[in-house]
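Order of writing sets the chain letters: A, B and C. Residues in each chain are counted from 1.
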Amino acid sequence: MAAETTTSSTSTGRFSGLREFWYYFSMNKGAVLGLVVFVLLILVAIFAPLLAPFPPDQQFREFIRMAPPWAGGTQPQFLLGTDEVGRDILSRLIYGSRYSLMIGFIVVTGALVVGVTLGLLAGYYRGWVDALIMRVMDIILAFPSLLLALVLVAILGPGLFNAMLAIALVLQPHFARLTRAAVLSEKSREYVTSAKVAGAGHLRLMFITILPNCLGPLIVQATLSFSNAILEAAALGFLGMGAQPPTPEWGTMLARAREFITSAWWIVTMPGLAILITVLAINLIGDGLRDALDPKLKRS
Amino acid sequence: MLRFILQKLALIVPTIIGITIASFAFIRLLPGDPILAMAGQHGVTPERYEILKEQFGFNLPIWQQYFNYVAGILQGNFGVSLATKRPVIDEFLTLFPATVELALFAMLIAVALGIPAGIFAAIKRGSWFDQITMGVALTGYSMPIFWWGLLLIIFFSGYLGWTPVSGRISLSFFFPRVTGFMLIDSLIAGKPDAFISALRHLILPAVVLGTIPLAVIARQTRSAMLEVLGEDYVRTARAKGLEPNRVVGVHAFRNALIPVVTTIGLQIGLLMAGAILTETIFSWPGIGKWMIDSISKRDYVSVQSGLLLIALIVMAVNLIVDILYAVINPRIRVQ
Amino acid sequence: MKLMRTLLAATALVAVMGGSAYAKQLVFCSEASPAHFDPGPTTGGNDFDASSRTIYDRLVEFEHGGTAVVPGLAESWEISADGLEYTFKLRPGVKFHTTSYFTPTRDLNADDVIFSFERQWKQDNPWYQYLEGLSWDYFQGMDMPKFLKSVEKIDDLTVKITLNEPNAPMLANLGMDFASIVSKEYADQLAASGNLADFANKPVGTGAFTFVDYQTDAVIRYAAFADYWRGKVALDDLIFAITTDPAVRAQKLKAGECDIMSYPAPADIEGLKADTNLTVLEQEGLNIGYMSYNTTVAPMDNVNVRKALSMAINKQALVDAVYQGAGQPAKNLIPPTMWSYDDKIVDTPFDPEGAKKLLEEAGVSGLTLDLWAMPVSRPYNPNAQRAAEMIQADWAAVGVTANIVTYEWTEYRERGKAKDRPGAFQIGWTGDNGDPDNFFATLFSCSAIGVSNYSSWCNEDFEKAIQDAKKVSDPAERTALYTKAQEIFKAEEPALTMAHSKVFMPMSKRVVGYTMDPLGIHRFDNVDVTE
């Protein structure tokens, strides 16, 4: 933060190279911490079979609802205790990281592709295409996102895939609006006009000429959507409409554990903590990205 | 100004039509049969099934069902709940004040804490106060609130016993319902101890529901303040030797307020989504919980009209925010 | 004007409620909001607790804590020798509630009884469809239209019910909630003013409590009825605090916000028992959780395959994890508290090796089948998903692969009913009236195939036994027939009988005299509180 006065000499606000980006990003200690946690999470997800002490669905029926060893449990092999059918919670959390990251990646990719395409079409063609697309986005945004996702999942049937589909659908209007606004402001710029004069086709103009110049805000939005997707999937899981057991998805684990809130707190606390840490790490990265990519703040 | 409002309204009409189609279509697409859902463990006979189908108009062609639906809405008839057989609009209006009371209180907490926190963080930029506040705000922003609510219940209600577990007011109080807001009705009835009881019931759910808006407002206030503090006129004011508090209080804050007000307005939709989870956890008899129950009971008519009403309310609030924004900031009207 | 009226009414009520400083008040944390307060068309236990068991009475009642039928609004009755005519003598001087919205001018008489049945039975009765989309599910479900020939007034205090064919469980049916007696005078008054819907929202009955107020999804208030025909009950005020989450109900009970609660989560029971301010009553529920094998689809048409699948399951471990001490493994279809329960039956043993051998002998290897799990928690099976996970693991040990299948609850039952539905289907039943017929015939008679016989099982000997048991009224004779039915059932294994769940009722120590009812209803007419 102290660096702002020294950077004010940088001529334009536009992001010009990876090195510069990393310079700004690494100024934000929180963002770096978030990135480290996130990379660790990815490693945990990839190497889950090596890291987890037990398979995620192995039931130790003689050790049902065993407390963690550091909280009065008698079985040191279950570091975070066992759940309601005697499965090792740590192992389930480790495997669960795969689901949360997968949810984030798939939902964001889906929302990004659909949203950006719609936004480009609306911003580029204007007219009735624009009106139609933006009204549909307005309709989607008029419903509270969780409520809409709930109804969609109720229609499609509960399950992880359907939950992801529903969440992607409620998140994509943000990308569409953002892209449209960026396209509108870029469209009249000289470089677009000159590309047009040079005979570039519509697709080329939309995707190759204009889109790369709208990337900054989209990346920030994608990061935010990543954490939103994880939270909403967990909320759906919590309401019984997300991933179905025995999938070790964190929100679903939390929902099933809800009845143990007074009698076996570790079953409830651990998955919630895992969600919080993951989402927090991603949001820290998001903040860092915004600082590094947002020319306005850099200027001050 | 009038032209601006008319323009906005013209944009809203197709959206509203779209919303009626969407809420109508969603419900037809839901799996599970509403008539069977109403039956108990004995089920219904095929003959009875046909009779009921006809009564609800489920036998009509789909476009005619839609037409009847819209015609009903225009006459203020939102249908009759399949579960309770009461008009949906009655159910909605009985439960809505509970949600509004909760949401307003949550917003009050968020604004009362979020704005000062944001301002101080901006003034003391880089200090430990700033860093801790922003760290806490980001944690709040990242919070799975259903889990947060459970933790608070365990700690404050279970372990410390400070707050009641759920509900809107202690059951020993009973007074006439006038506005539907417990805080107001208890005062109208002249029962200050009932007011206190209602307040104690409200606090935990409001904290849970207010957590994310609080975080958003604190962060937004801070960055808006930072931006304004960097602007020339503030620097000028400072240079002119105006005392720092006056600079912050009068000059900077007023201008920083515009984006903050917008942010507060935009939280309404989020509050509705949050209310679904909060009301479920705290057994708060509001429309969020009602929607969840209606979905799980397959009370089609309630879900359909509930969706529509909620969307209309969110849109109305957004419209008001837009207009307010235009009032505060005339530049926007020109666009 | 309307507001004024509401205000006046409410103030009057406040005056009534606040009248005595020593009012004895009981707060019941109930599990769900009632749909409304007419017990005829509703189906949920929560509906009945809030209406029929507080506000209304019936001709006959189930004794407190049991299923035996005792006199209610009828002082006495006679059944003709052919089992076709039931003549009821009504109790004289029974008063209906006087409330802010209704003042009765006469006592209960035969007209009220006839009206109570005809409104559910005769399609031309103006009350048959007094709410939009009304359906009299229990009246239909208990086959009343099939059995009833007529309900006639002999004199003001005598009613004769005539049946088309003898039906031993009929008397028990009349003690059920749907058979609650409502006021014809009140109905006529509402019909005259056109406010028919008030009948469901502002109830009037003869029961121990009068209705005072209902705040949707939050609180129901009742006051003791001073002129109750059994004499005013010990309580003055009864409050239902509707709290849908069981963990929250338990918290409220511990915090003293309620005095008694229904359906605690199994996980909370230990903690509630440990609390010195609380007592936890428990009782075997009148229910069965089971898993139907479709007996018409290969290879489960082979009784040995069905046996093998059951033998592979560690039932005790399953019940421990799913019911968490709130259930007992079931060896028969009916629960042990029900008359005619055959304790001599030996359950299918847990024997994975034996199961493998049976499968081998049947020439079945690499079997893959669907394992259905309900999406909702029911009293007879609190967590079918968890049960499915455990059965899946047990079956894997004998080489059977199970795919867990689930659908939205109505969809689940619809698909489960199909005659050719593949796989093993988890389901259950809660007794309606304490008669074994309500289990055997409803769930496994040949005519129930495609309705509620999820095994599509039609066994000639079993069918004969249960049909004969309907026609005779001698309990000993009926017991012998049902014993035979249970033997055939165990030998043929059309379903795995999983467990009978236990029902718990935690309450504050200040609650005195509460008895648990096997039919799963909650009654407060004989309850008192100490200060």
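To be clear about the criterion, a contact is a pair of C-beta atoms (placed from the backbone, for glycine too) under 8 Å apart; a residue touches a chain by one contact, two chains touch by 3 or more.
For clarity, every value in this text was computed on a predicted model and none was experimentally measured.
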Note = The chain whose mean C-alpha position lies nearest the overall protein Cα centroid is chain B
Query = Across the interfaces B-C and A-C, which one involves more C-beta pairs in contact?
reply = B-C
Message = What's the distance between the Cα centroids of chain A and chain B, rounded to whole Å?
response = 23
Key: chain B and chain C: spacing of chain centres that average the CA atoms, whole Å   = 38
Query = Distance from the CA centroid of chain A to that of chain C, rounded to the nearest Å?
reply = 46
Note = Expected list for chain B, residues touching two or more other chains, is 31, 153, 158, 280
Inquiry  = Could you pull out the residues of chain C that touch at least 2 other chains?
reply    = 251, 407-408
Remark   = Contacts with two or more other chains occur in chain A at residues 154, 157, 258, 261-262
Key: List of chain A residues in touch with chain C within their complex   = 57, 59, 61, 64, 84-86, 154, 157-158, 240, 244-246, 256, 258-264
Note = Contacts from chain C onto chain B in the complex sit at residues 3, 6-7, 10-11, 13-14, 17-18, 25, 27, 35-36, 43-44, 129, 131-135, 137-138, 140-142, 197, 200-201, 213, 215-219, 221, 239, 241-245, 248, 251-252, 254-255, 257-258, 407-411, 413-414, 429-430, 442, 451-452
Remark   = Within the complex, chain A is touched by chain B residues 11, 14-15, 18-19, 22, 26, 29-31, 125-126, 135, 138-139, 141-144, 146-148, 150-151, 153-154, 158, 223, 226-227, 230, 269-270, 272-273, 276-277, 280, 291-292, 295, 303, 307, 310-312, 314-315
Message = For the complex, give me every residue of chain A touching chain B.
response = 1-2, 30, 135-136, 138-139, 141-147, 150-152, 154-155, 157, 227, 231, 234-235, 238-239, 251, 254, 258, 261-262, 265, 268-269, 271-272, 275-276, 279-280, 282-284, 287, 296-297, 300
Ask   = Where on chain B is chain C touching in the complex?
value = 31-33, 36-45, 48, 52, 55-56, 80, 82-86, 91, 94-95, 153, 157-158, 161, 164-168, 170-172, 174-178, 189, 280-283, 285, 289-290, 293, 298
